[in-house]
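Listed below are the structures to be examined.
Below, chain A partners chain B and then partners chain C, in two separate complexes.
Let's turn to the complex of A and B:
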């Protein structure tokens, strides 16, 4: 194992790989990524892999817009020999309560003001996009045709391979067991395969980010919650967009290979880092999806799995440095949306680590905003 | 066995495809599954898993018994969404 590095990134998911790539692209020579299992083995590889610009806060809209722009050309930019399989079939988000309907009016106004191609449409118009949508309890919907879906495994692979070509070293099956400090600044990282001297550590550990904070005695304002997904057998292309409802707690998308994936969460989950599947999810999801999208009732479920959302009190990520400890950087708390924001996360963190002016002002995304009471609550989350 | 032999019927992967992935550094079944979709189809890897593990063993020299199989994920076999949804109603 390498003895020293300029930056050590903890976590080999899309976030860690994107930060590593962006640092190396800016000329940082010794960047190391440490992953306790294999790349994309955590939240990244377990996520729904949808990407959307339809958010309720300006910050999330901006992060998502720029990230989607990157994904549109990522195969070429990252010189990937495979395919990240970006399908821009849009997101159709349905409002089934008056509260949602009113919230979406506000969201669409905000999104349009930022240049996002989005419209609030009637239930009838929604059935022109997804003919088998049950509009019985739907008041309105919003649709953005540029939202979409990618393959999380190949997208992470594309970032990792591009980073490797630029000299980034990846240590998989390697677990961080401690972080060395002199109480004011970082001095090194201890792993089960050896120690690396460094002055900069990025916590990109996804569902396990709080445990990394504990290693340096910083209580991070995040918790992890199991969310579950199921996938059906593949069928002919039937559904263009992701169909989503916040009040019904569902998102459902047909992937380019033809399989439908659908997921939901449960705020009453025990917070014990469990990632096992439950029959309750299968039961609830089957009921919800066959009501909202009845035509899918004939599809066979072939697999279900779970992953961790790393959640903050306002459902927006925590990005950047911390005041207690020099050289400790956070890219955590994405609240289920780390995959779709990863291109911008990587750029912004690299800029901040190098002391550059960040492309988007992220000072409001620091971890101390909760203590200051400056939450920017994201209302649109499944 | 011929390199064109199909190993994963659900995701249409040949022996050559699998060997290329292993030689490219994807040396665990979980990694091969994710990068290629081997074992993600309707049969849930019942056909390909053992064959892929054998190839990993041959190429890396590791004993097949030391290689990790994939996590078994429910359901055991395909079930229609409607069947599950209806079953719930009758139990309520």
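Let's turn to the complex of A and C:
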């Protein structure tokens, strides 16, 4: 194992790989990514992989817009020999309560003001996009045709391969067990396979980010919550957009291969890092989906699994440095939407680590905003 | 072809029924699977593979391999090797992944 590095990134998910790529692209030598299992073994490889610009805060809208622009040309930019399978079939988000209907009005106004191609539409108009949508309890919907989804494995692979070509070293099946400091600054990282001297560490450990904070005695304001998801047998192209409902607690997309992927979470889950799947999920999910999208009722379920959302009090990520410890950077708390923000996360973290002016001002996304009471609450999460 | 006399087993065939395959009426016995009845009637191609659209037929015969997927009464991806044939059933070849609309 390498003895020293400029930057050590903990976590080989989409976040860690994007940060590594962006740092290397900016010319940083000796960037190391440490991953305890394999790349994309965390939330990244377990996620719904949807990307949307239809957010309720300006910050999330901007991060998502720029990230989607990147994904549109990522195969070429990352010189990927495979395919990240970006399908821009849109996101159809349905409102089934008056509260949601009103919230969506505000969201759409904000999104339009930022230049996002989005409209609030009637239930009848929604059935022109998804003919089998059950509109019985739907008041309205919003639709942005540029939203979509990609393949999280190949997307991570594309970043990782591009990063490797630029000299980034990846150590998989290697676990970070401690971080060395001299109380004010970072001096090294301890793994189960040896130590690396470094002055900069990025915590990109997803659902395990709090445990990394504990290693340096910093109590990070995040917790992890199990979210479950399933995949069906493939059928011919049937559904263009991701269909989503916050109040019904469902998102459902059809991948290019034809399989439907759908998931939901449960806020009453015990917060114990479990990633097992349950029969209750299968039961609830089947009922919800057959209610909202009856045509999918006959599909067979192939597999179900679970992953961790790493959640902050305002459902916005925590990005950037911390005042307590020099050289410690956070890219955590994505609250269930870190996949779609990863291109910007990588760029912004790289810029901040190198002391450049960041493309988007992220000072409001620091971890101390909660202490200051400066929350930027995101209303539109599933 | 059906085995009528077996040295050890004794078949208790159900009553004769009829189902439709490819617009044609085919005779079967109650208690047979769709794929078995088709096999007895000499039908070898049950569907086409999903990527290269090559012929697919009876293979594992225990519901595991997906080779016998057919459209039955309008429903795609039916494992005909483990689904019993019924009187009046409409069975069609399946080309590709199956359409649910």
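Methods note: the second predicted complex is superposed on the first by the 382 of 382 C-alpha atoms of A that agree within 3 Å, B and C clash if a C-alpha of one lies under 4 Å from a C-alpha of the other, contacts with A are read in each partner's own complex, and residues count from 1 in each chain.
Assume a contact is a pair of C-beta atoms (placed from the backbone, for glycine too) under 8 Å apart; a residue touches a chain by one contact, two chains touch by 3 or more.
Remember, predicted model here, so these are calculated numbers, not experimental data.
**Q** Assess the superposed three-chain arrangement around chain A: do chain B and chain C clash, or do they fit?
**A** fit
**Q** Just checking: does A:277 make contact with chain B only, chain C only, both, or neither of them? Give me first, second, both or neither.
**A** In the superposition, A:277 touches chain B alone.
**Q** Of chain B and chain C, which one touches more of chain A's residues?
**A** B
**Q** Please work out whether A:40 is in contact with chain B alone, chain C alone, both, or neither, and reply first, second, both or neither.
**A** first
**Q** So after the superposition, what angle do chain B and chain C open up at chain A's Cα centre, nearest 10 degrees?
**A** One gets 30 degrees for this angle.
**Q** Looking at the overlay, what does A:372 touch: chain B (first), chain C (second), both, or neither?
**A** A:372: touches no partner chain.
**Q** Can A:157 be said to touch chain B (first), chain C (second), both, or neither?
**A** A:157 contacts chain B only, not chain C.
**Q** Thinking of the overlay built on chain A, is A:357 touched by chain B (first), by chain C (second), by both, or by neither?
**A** Touch status of A:357: no partner.
**Q** Would you sort A:298 into first (chain B), second (chain C), both or neither based on which partner it touches?
**A** Both partners, chain B and chain C.
**Q** Name the contact category of A:3: first (chain B only), second (chain C only), both, or neither.
**A** neither
**Q** Given the touch rule stated above, what does A:234 touch, chain B (first), chain C (second), both, or neither?
**A** Touch partners of A:234: chain B and chain C.
**Q** Give one of first, second, both or neither to describe whether A:287 is in contact with chain B, with chain C, with both, or with none.
**A** In the superposition, A:287 contacts chain B only.
**Q** Once superposed, minimum distance in angstrom between C-alpha atoms of chain B and those of chain C?
**A** Minimum C-alpha separation, chain B to chain C, in the superposed model is 6 Å.
**Q** If you lay the two complexes on top of each other, which residues of chain A touch chain B in one and chain C in the other?
**A** 233-234, 296, 298-300.
**Q** Okay, in this complex, where on chain B does chain A touch?
**A** 28, 30-31, 34-35, 37, 40-42, 44, 71, 73-75, 78-82, 84-85, 88
**Q** What residues on chain C touch chain A, complex-wise?
**A** 50, 75-77, 96-101
**Q** Which residues of chain A touch chain C in the complex?
**A** By the definition above, chain A touches chain C via 131-132, 233-236, 238, 258, 295-296, 298-300.
**Q** Residue numbers of chain A touching chain B in their complex, please.
**A** Chain A reaches chain B through residues 38-41, 45, 153-154, 157, 231-234, 257, 277, 279, 282-283, 285-287, 289-290, 296-305.
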